[in-house]
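Each of the next two complexes has subunit A plus one other chain: subunit B in the first, subunit C in the second.
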Partner chain A sequence: MTRTQLVGVLAAIFLFVAIYFVFSFAEIETTMLEVQKIFYFHISSALTLFLAFGVTCLFSILYLIKRVDKYDTIALVSTEIGIVFGVVVFTTGPIWARFAWNTWWNWEPRLTSALILWLTYIGYLILRSALAEEKKRVYSAVLGIISFLNVPIVYFSVELWQGGLHPDTTTKMNLPPTMQIAWLISWLALILLYLFLLMFRYRAEQMKLELDTIQYQQMGES
Partner chain B sequence: MYTGLWIAVLIVFGLFFGLFIFSQIPVAITQDEVSIAVSDAIAETNAQVDEMEIEQLVIQKTAEKLEARQKKRLRFLVSAYFIVWLIFSVYALHLAKMQNQLQKRLEQLHNGLQQKE
Partner chain C sequence: MEAFRQIGWLIRKDLALQFRTKDMLALIVVFSVLVVLIFCFAFGPIFPEKLEERGKLAASVLWATFLFAGTITLNRSFDIERANGALHGLRLTGIDASYLYLSKVVSIFVFLILLEVIVTPITLQFLDVITVLPVALQEQLPWLLLKLIGVLAIGTLGFCAVGVIISGISTHTHGKESLLSVILLPLTFPVIMAGAKCTVSLLTTGGLGGNFWISVLVVYSLVFLASSYLLFEFVVEG
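Moving on to the complex of A and B:
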């Protein structure tokens, strides 16, 4: 069994365990009742998104220092997966909002700043597809670093701009123990899923780059 | 191998939904919920008959209201989890398709090299 497969199996097991803990172990919250259970995967996806963009930032810095293509590939792949986690956040969020606040969307600080963050990383992918090979690695690395500056703004947006609909950052630490355990297991499961997708996608991207190089060389020879 | 991944993704998706649909989701009804449902039901009950009948109607309406609210909550919950797994499944299938295409390109390249030799 390869490392990627091992992480994939672990992710699947933890996802099953997380589902069990969310639906059978965690107590039911008294205000939102069953709908509160959206929280476990919504928040965990948001935190995994931050992790993914953090990895993008780290490997963008490493690329700018060492100019190793591998680091650029990891940054690209992590961004792509981060955007997928963003899709999860931006679809489960409105479902929660519709029930809790009677609206699908509200231009409050956390939502607005998170949307800007997500769009910035979509911009990262667009930039890569628009530029020539040499330029795109450097420019996207710079954008990958700058975009990450928005992550702490999103995280602390409720404290920075008072009056939003989201609770502050300390709320999840004040959860009852059963909810906290269910949330931590869900987060761990999604981190493992992120790692699996990262490893799988990285291998595919490396393979694509190698095939492109070989075909380019063949074209040159003929 | 990648057809296997497609099947695995579909199986995992099916299993999660089987687990989700068939496992008993614990349900909670708070005192506030009951009070609101009872007062709503009383307000909507216009029967001009004896107290017993009114009481029966109120109980029936209250039960209907609680059931409707619970159905609404479960609809939100199921939709959210359905979307989560759908997004991950679609992305996993996209990766599997991409890997398949790369495999084909590799085979074509390999065949091309063999023909040259």
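Moving on to the complex of A and C:
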């Protein structure tokens, strides 16, 4: 069994364990009842999204220092997976908001800033596809670093200005113990899922490069 | 000292190119006034009665206009450098990439500030903001305008700081005009948002309404400037 497969199996096991903990172990919230269960996946996806973009920033810096192509590939695939987690956040968010705030979408600080952050990283992917091969890696790394500067404003948006509907960042630390355990397990499951996707996509990207090289060589021979 | 001298020469070169023909300034001023007019047609002819609503409208029109104008200016700024390999020529003189960056930021900043000085009073007049202001504020109108330009200037600095580096990157792409705006607008969002909040507060109360938004505006502008300054070398290396 390869390492990727091992992480994949672990992620699957933890996802099932998380589902058990979320639905059977954690107590039911008194005001929102079962709907609150979305919390465990919504907030965990959001935190994993920040983690993914953090990895992009870190590997972009490493790429600019060391110029190893591997780092650039990791930054790219981490952005892609971050965007996927963004889709999860923006799908679970409105479903929850429909019941908790009685609206699918609300122009409140964290929602708005998170959406803009997500669009920034889509811009990163668009830029990558529009750049010529020799410039692609350096320029993407530069953008990967600058884009991360907006993450703090999204994370602290609720504390930064009033009028928001999201609870502040300390709320998740003050949960009842059963909820906290369920949340930590579901976050761990999603981190494992992120790692699995990262390794899987990285391998695919490497294979694509190998294929390109082979095709290039064959063109040279013929 | 040598650094300042070199940056000074580069700024002079950029400003000379911008103002020699006056084409660019005329184009951008006309464009900005047109954007303001479109907003006036959309919201007018009778604008919201409440000062707060009118202030919000004016602030959003001002920022939207300057963002569009700024994007066009940035798009052009690197075209001149890329044409005929001017950038390579500059690099061959042994000039530091960071000086090149600073000079570009300053020259575009000066250009946009000039635009803002011209277009802001026009916008306030078109949207009829001045007549709904409290009497105390009307009496201090020049002072209010100065504060408004000050807030716009800090925001413009943050916008130029990121804008120069992104336009340096986007000149290498196909469809660069649209790409620059798609990348630049979400990136500069903290600056735009804080700037717009400060502008609304200035237009409705005459003050900044606490230190919070102005701090966000200043901090983000400086953070953008510092990080782009450090990263620009990688953009011009190739």
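Just so we're on the same page, the second predicted complex is superposed on the first by the 222 of 222 C-alpha atoms of A that agree within 3 Å, B and C clash if a C-alpha of one lies under 4 Å from a C-alpha of the other, contacts with A are read in each partner's own complex, and residues count from 1 in each chain.
Keep this in mind: a contact is a pair of C-beta atoms (placed from the backbone, for glycine too) under 8 Å apart; a residue touches a chain by one contact, two chains touch by 3 or more.
Small disclaimer: the values here were computed from a predicted structure and weren't measured.
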item: Partners on subunit A (subunit B, subunit C) - clash or fit; value: fit
item: Touched partner set for A:116, first subunit B, second subunit C, both or neither; value: second
item: Which superposed partner A:139 touches (first subunit B, second subunit C, both, neither); value: second
item: Subunit B versus subunit C, judged by how many residues of subunit A each one touches; value: B
item: Partner chain(s) touched by A:91 [first = subunit B, second = subunit C, both, neither]; value: first
item: First (subunit B), second (subunit C), both or neither touched by A:219; value: neither
item: Subunit B versus subunit C as contact partner of A:99, first or second or both or neither; value: first
item: Partner chain in contact with A:41 - subunit B first, subunit C second, else both or neither; value: first
item: Partner chain in contact with A:1 - subunit B first, subunit C second, else both or neither; value: neither
item: Subunit B and subunit C, minimum CA distance [Å, superposed model]; value: 25
item: Common ground on subunit A, meaning residues reached by subunit C in one complex and by subunit B in the other; value: none
item: Parts of subunit A lying in touch with subunit C, wherever the complex brings them together; value: 64, 113, 116-117, 119-120, 123-124, 126-127, 130-132, 134-135, 138-139, 141-143, 145-147, 149-150, 153, 160-161
item: Complex contacts: residues of subunit B adjacent to subunit A; value: 12, 15-16, 19-20, 23, 25-28, 30, 33, 70, 73-74, 76-77, 79-81, 83-84, 87-88, 91-92, 95, 98-99, 102, 105-106, 109, 112
item: Touching residues on subunit A, where the partner in the complex is subunit B; value: 12, 15-16, 19-20, 23-24, 28, 30, 33-35, 37-38, 41-42, 45, 84, 87-88, 91-92, 95-96, 98-99, 193, 197, 200-201, 204, 207-208, 211, 214-215, 218
item: Subunit A-touching residues of subunit C, taken from the complex the two chains share; value: 162, 165-166, 169-170, 172-175, 179, 182-183, 186-187, 189-190, 212, 216, 220, 223-224, 227-228, 231, 234-235, 237-238
